[in-house]
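Letters A, B and C mark the chains as written, and numbering starts fresh at 1 in each.
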Amino acid sequence: MLLLAPALALSLVLSPQDDPPLSDASQECADCHSVVHPGIVADWRKSRHAHVTPKDALAKPELERRISAGNVPEHRLAVAVGCYECHAAHTEDRPDRFEHFGYAIQTIPSPKDCAVCHPAERDQYAHSKMGNAHGNLRDNPLYTLLVETSLGTQSLVDDTLNGHAATRTTENEACYGCHGTRIEVDGMRTVATDAGDIEVPNLTNWPNHGVGRINPDGSKGSCTSCHPRHSFSIEVARQPYTCGQCHLEPDVPAFNVYKESKHGNLFSTAGKHWDFDAVPWHVGRDFQAPTCATCHASLLVTPEDDLIAERTHDFGSRLWVRLFGLPYAHPQPVHGDTTSLRNADEKPLPTTFAGVPAAKGLIDAQEALTRRRAMERTCQACHGTSYAGSFFDKLEATVAETNTMTETTTQLMQRAWSAGLADPANPFDEPIERTWIESWLFYANSIRYASAMSGPDYAGFKNGWWKLSQVPRRMQELTRMLSALKR
Amino acid sequence: MLLLAPALALSLVLSPQDDPPLSDASQECADCHSVVHPGIVADWRKSRHAHVTPKDALAKPELERRISAGNVPEHRLAVAVGCYECHAAHTEDRPDRFEHFGYAIQTIPSPKDCAVCHPAERDQYAHSKMGNAHGNLRDNPLYTLLVETSLGTQSLVDDTLNGHAATRTTENEACYGCHGTRIEVDGMRTVATDAGDIEVPNLTNWPNHGVGRINPDGSKGSCTSCHPRHSFSIEVARQPYTCGQCHLEPDVPAFNVYKESKHGNLFSTAGKHWDFDAVPWHVGRDFQAPTCATCHASLLVTPEDDLIAERTHDFGSRLWVRLFGLPYAHPQPVHGDTTSLRNADEKPLPTTFAGVPAAKGLIDAQEALTRRRAMERTCQACHGTSYAGSFFDKLEATVAETNTMTETTTQLMQRAWSAGLADPANPFDEPIERTWIESWLFYANSIRYASAMSGPDYAGFKNGWWKLSQVPRRMQELTRMLSALKR
Amino acid sequence: MLLLAPALALSLVLSPQDDPPLSDASQECADCHSVVHPGIVADWRKSRHAHVTPKDALAKPELERRISAGNVPEHRLAVAVGCYECHAAHTEDRPDRFEHFGYAIQTIPSPKDCAVCHPAERDQYAHSKMGNAHGNLRDNPLYTLLVETSLGTQSLVDDTLNGHAATRTTENEACYGCHGTRIEVDGMRTVATDAGDIEVPNLTNWPNHGVGRINPDGSKGSCTSCHPRHSFSIEVARQPYTCGQCHLEPDVPAFNVYKESKHGNLFSTAGKHWDFDAVPWHVGRDFQAPTCATCHASLLVTPEDDLIAERTHDFGSRLWVRLFGLPYAHPQPVHGDTTSLRNADEKPLPTTFAGVPAAKGLIDAQEALTRRRAMERTCQACHGTSYAGSFFDKLEATVAETNTMTETTTQLMQRAWSAGLADPANPFDEPIERTWIESWLFYANSIRYASAMSGPDYAGFKNGWWKLSQVPRRMQELTRMLSALKR
């Protein structure tokens, strides 16, 4: 209750006359674009990039530093991080480069460009599941079949349903809306603007800002997914709404569970008084309950600046169990690129249909324990030692029980396949298959997220045990009915 | 980050001693009602109506004006817009008029009363689908059958389910809770109050604040739906929660999609710093991401006051495709009153069951293009020209693909009707009919809203393609089962 | 719009140098724990407990008092309410007591401890359904069967599904996550901490903060459920997110309905300007639309300090109908402990399967009217007399109509049981039984909450009449199918 509202506090400190100069090129960009796209420029003017030079950023004490580069090229040091600094950082070899009123411009700034100042974040992110989200889906034939089956149209010819594989545009706005598309340059196109016709690169699978986007320069990830342009704000990234764009029910209800948890309640009721901009982030002083970033990403310290947790952009690095079942919950993959995982049946899955984890590519028990301890240490900033320990013991029990249920529904599915009541050639298209899939993809997952973050509703009536406990009997009833119809 | 919190800013400018005088009548209202209904009066005291006279409002530069009347009657000019100014504006011919401690009072101020100062808004709204939402439902026999079938009770007599048409009270709190009821005066009633018994008009279908309410004076609409009494705030109307009272999943998930979009994320994380009260509304300066009002209603300008979009209260006027399928997505109706639309089969629907749009009453391709360009111009305040264009190309593809799916499920439904497996006399009551209805009313609609505003979850697993792609096979399975039971 | 942001206002009044002294013991706690659990201590430092002594609290005018004790023990009067004041209030007979660096400490402060200053709240809460939420579930054999059936795992042996009763850990994170667990001390355990090994009580069914938690000292309830530690804030308890942790769809969608209501819209759009800390709470001045607490708990006054409603922590005390059907909506129970309720069929339910309320233990018509009038008086702070009356007439009609539907689906269920198509020994496990349960537990309940707080979507397409009206025909279809399979 003693906090001064953060936005107000900052407004007393920063004022336009303190702003650093723009480079000549950026000034020229801004002069024109503040007329043709005024929202972009106005948004940027409120950003830290407009207020702080790399030189000043480098001069901060280490704990307060927001950039991880040891050095920044000389010509960038004393100017704001403006339009040209990012949109022309590496034009020498960029497919999305184009000539624009005398300047070489790259349409899509990529992690490579951000890494001029933020190389550690780029490297960590490249190792994460999120950074590899495009290929993890596209390069896995089983997942690709799921995507195509789910998103494709169907038409009726005589009595037969003909399925049509999903179009790229539909894939891009559904699965690849979050996972990220592969953007390529397909020649140039002419665009009519208020400033006359201009030639720009013709981008495929665009617009897109998914977390694992493959950029025209081949780099992976879209920093703007969580630090949306053009304010690139840490305040935005630290609030759960950002993660909550994708981590949503029914398959990944992390945000939904968080909202109904005590942590989420405190964020919703009191978060407006918290300081989401502070670096380092002081537990209890800057905020009183964690957001997603607190436990999974941010540099945390005590009010006296003692370290609690290091900053990371590999958001799974403090996680040991992968709650998201494929189809069983399993140890986290060693690397965020999971395309090479193979189960004992040579399927591109981290577990077999009997629940056995892949022999290679998943973390071992020792690493799991190390990660669990690191997460518990974060909890202990606000909770007693035995509180945190008991909490995760409970989660491990839930993982085991929900995996048992996946085993049961998978056995029922296998029997239906064996009996010729469904066709395993495409395991994703028939009603009984959909019922089976929802048992692990929706319900078991919901229960695990509910356990991990304390959301009783998602453990119970809302996509939890209430739903999961219905599946085996419904599958039995469907099986009996399909058998009868077959006779 | 440089913004001063808007509420605070205003509190520095306005203070009670600056408030204009109340008319004698309003003063008398307030004296008494601040005791018997203190919340109403206190709410009004915080409103602009309490702080600004019509005279001052008329004196503003045109771009800053919040009233559209060229003139306001002389006796209203120098007093606050108080109780009596609205509750006695047109008592001469009002069915809801009653005598109240020496004054003639109208119970329900209507758009006619608001139009004393806001005539352009009244006229635009009267042309909108929202302003006509009551009759569009009530005066369409097909939709009325849907309402009655869905909301009615059922009782079991022997082995027969008897359906009972929904009562008016249930209709009023479900469908007509949003669409608006028809309020009529049915004599007078005596109400016991702290001030003794008083006689008031006995209102039918009341309370109700649906957007298309038919008021006792015959006017359409309830301005308080979006500018809730008694603060009548533009801040409220511009925030998505207001639209989100009705534009909700599963049939119209506009608010749900917005919340999980990047625009919604920015509103949720940073909206507390934005100025929702500014007129005109400056893109990038007053706000950094759009709300519903930004794209569909508000007067938008650049930070330098250059016009981006005119204000409108016909909220569909920048829309070209009607995403809400009946049963197919189709060109927007020319007028918000859709009761006269007829498809080629003479049904009161904008499209046939084969997907052909009505020959009359829908906008043509030229008008569609004009509207799309107007919307793109709004996008371009913050997005590049090719970005906005590609975005809506993607939407058009999604409209076509979801319409294909509606065609498939409708064909399956027609076959079931032809085979006598369901009775088309009431197409809304049997399980297989409900499955068909949900394919277009819930799932196809969700996918289109997800496409229009970038909500990948609603395009995919959450009421999107995952659900839609299940319907044809489920309908086939139901058909086989019903055939078997019939034999 | 004239409000000063409350957080800011308070920050001008309170500053650390004004803080009262800590007791020597609490100072010692804080010195150590601010290092090992810094978040807890920092959170507490922002609390009222850190800023105001009991002596100062007692000196407030009665209407402004936040404590209900007439006296507080002498030694507590002049110090802050710190760690030791609550964690050692009643160690003389506490099972969860342990020796900790020379002090006797109780792990879990309970309502008994809070009652040193807040006895009226403890007493009211002990009478409420929330305070008795653990036993109301655990001590009712029918509800316990529902819990065990819903949350247990199932395994396949040959062709038989074997059900396994839910484990305690799963129960604790689902149903008892909200209802509260029974926490007992099972010896001591050694915990490795940064300060070396320490011995602490080994708590069963922990962690848990459900509303009806049975504490080691036998007291009922967890004050921290709604006043989460360690800021114990009234601001948090008064915001709907707190109630919204448990009162959620699909079974109790109070929070969901509130959010889409006009009241919820106003809270979401304007609540950031409201004063959630004021005692008493001034209608229209401190806030402009009600939250859950306004209507169900808080001390409400007019802007001139005239009483509108007394404070209560028996949150059902202004409620007359229990909307939550078991299986029918029915008069509220006389006491929050409902374990002794028996219907005419001697089942532990408040109504029979035919809808007849229990003869004993439910409030009578006179008490129902008294409560309805008390609630209407709250509404009338902002709404006209006939508005409030008509509103609740509508609710009563909805209760009757939804009860009719429960009667119909229950009759269909009873016929299926009679025909041997389902086994009533466990009425909670078969698909047709789940369909029946959802008709009253999810859909009828949703419609009633939608009626009580104006959420048209939940009355209609979203878990409302649209879903409810499908159940009878789906049950008929299932019955026909099960009969055919049996033959």
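Definition applied: a contact is a pair of C-beta atoms (placed from the backbone, for glycine too) under 8 Å apart; a residue touches a chain by one contact, two chains touch by 3 or more.
Values in this document were obtained by computation on a predicted structure and should not be read as measured data.
Rounded to a multiple of 5, the C-alpha superposition of chain B onto chain C involves a rotation of 120 degrees.
Counting every residue number used by either copy at the chain A-chain C contact, under half are found in both chains.
Computed from the mean C-alpha positions, the centre of chain A lies at a distance of 33 Å from the centre of chain C. Counting partners per residue, chain A has 5, 8, 272, 481, 484 as the residues that reach two or more other chains.
By the touch criterion given at the top, residues 1-5, 8, 260-262, 264-266, 268-270, 272-273, 282-285, 288, 302-304, 306, 380-387, 389-391, 393-394, 397-398, 401, 404-405, 407-408, 411-412, 450-451, 454, 456-457, 459-462, 464-466, 469-470, 472-474, 476-477, 480-481, 484 of chain B touch chain A in their complex. On the side of chain A, the complex with chain B involves touching residues 5, 7-8, 10-11, 14-16, 34-43, 45-46, 48, 149-156, 161, 166-167, 169-170, 172-175, 177-178, 189, 191-193, 200, 202-203, 206-207, 209-210, 228, 231, 233, 235-236, 239, 241-242, 244-246, 248-251, 272, 277, 429-431, 434, 441-442, 481, 484-485.
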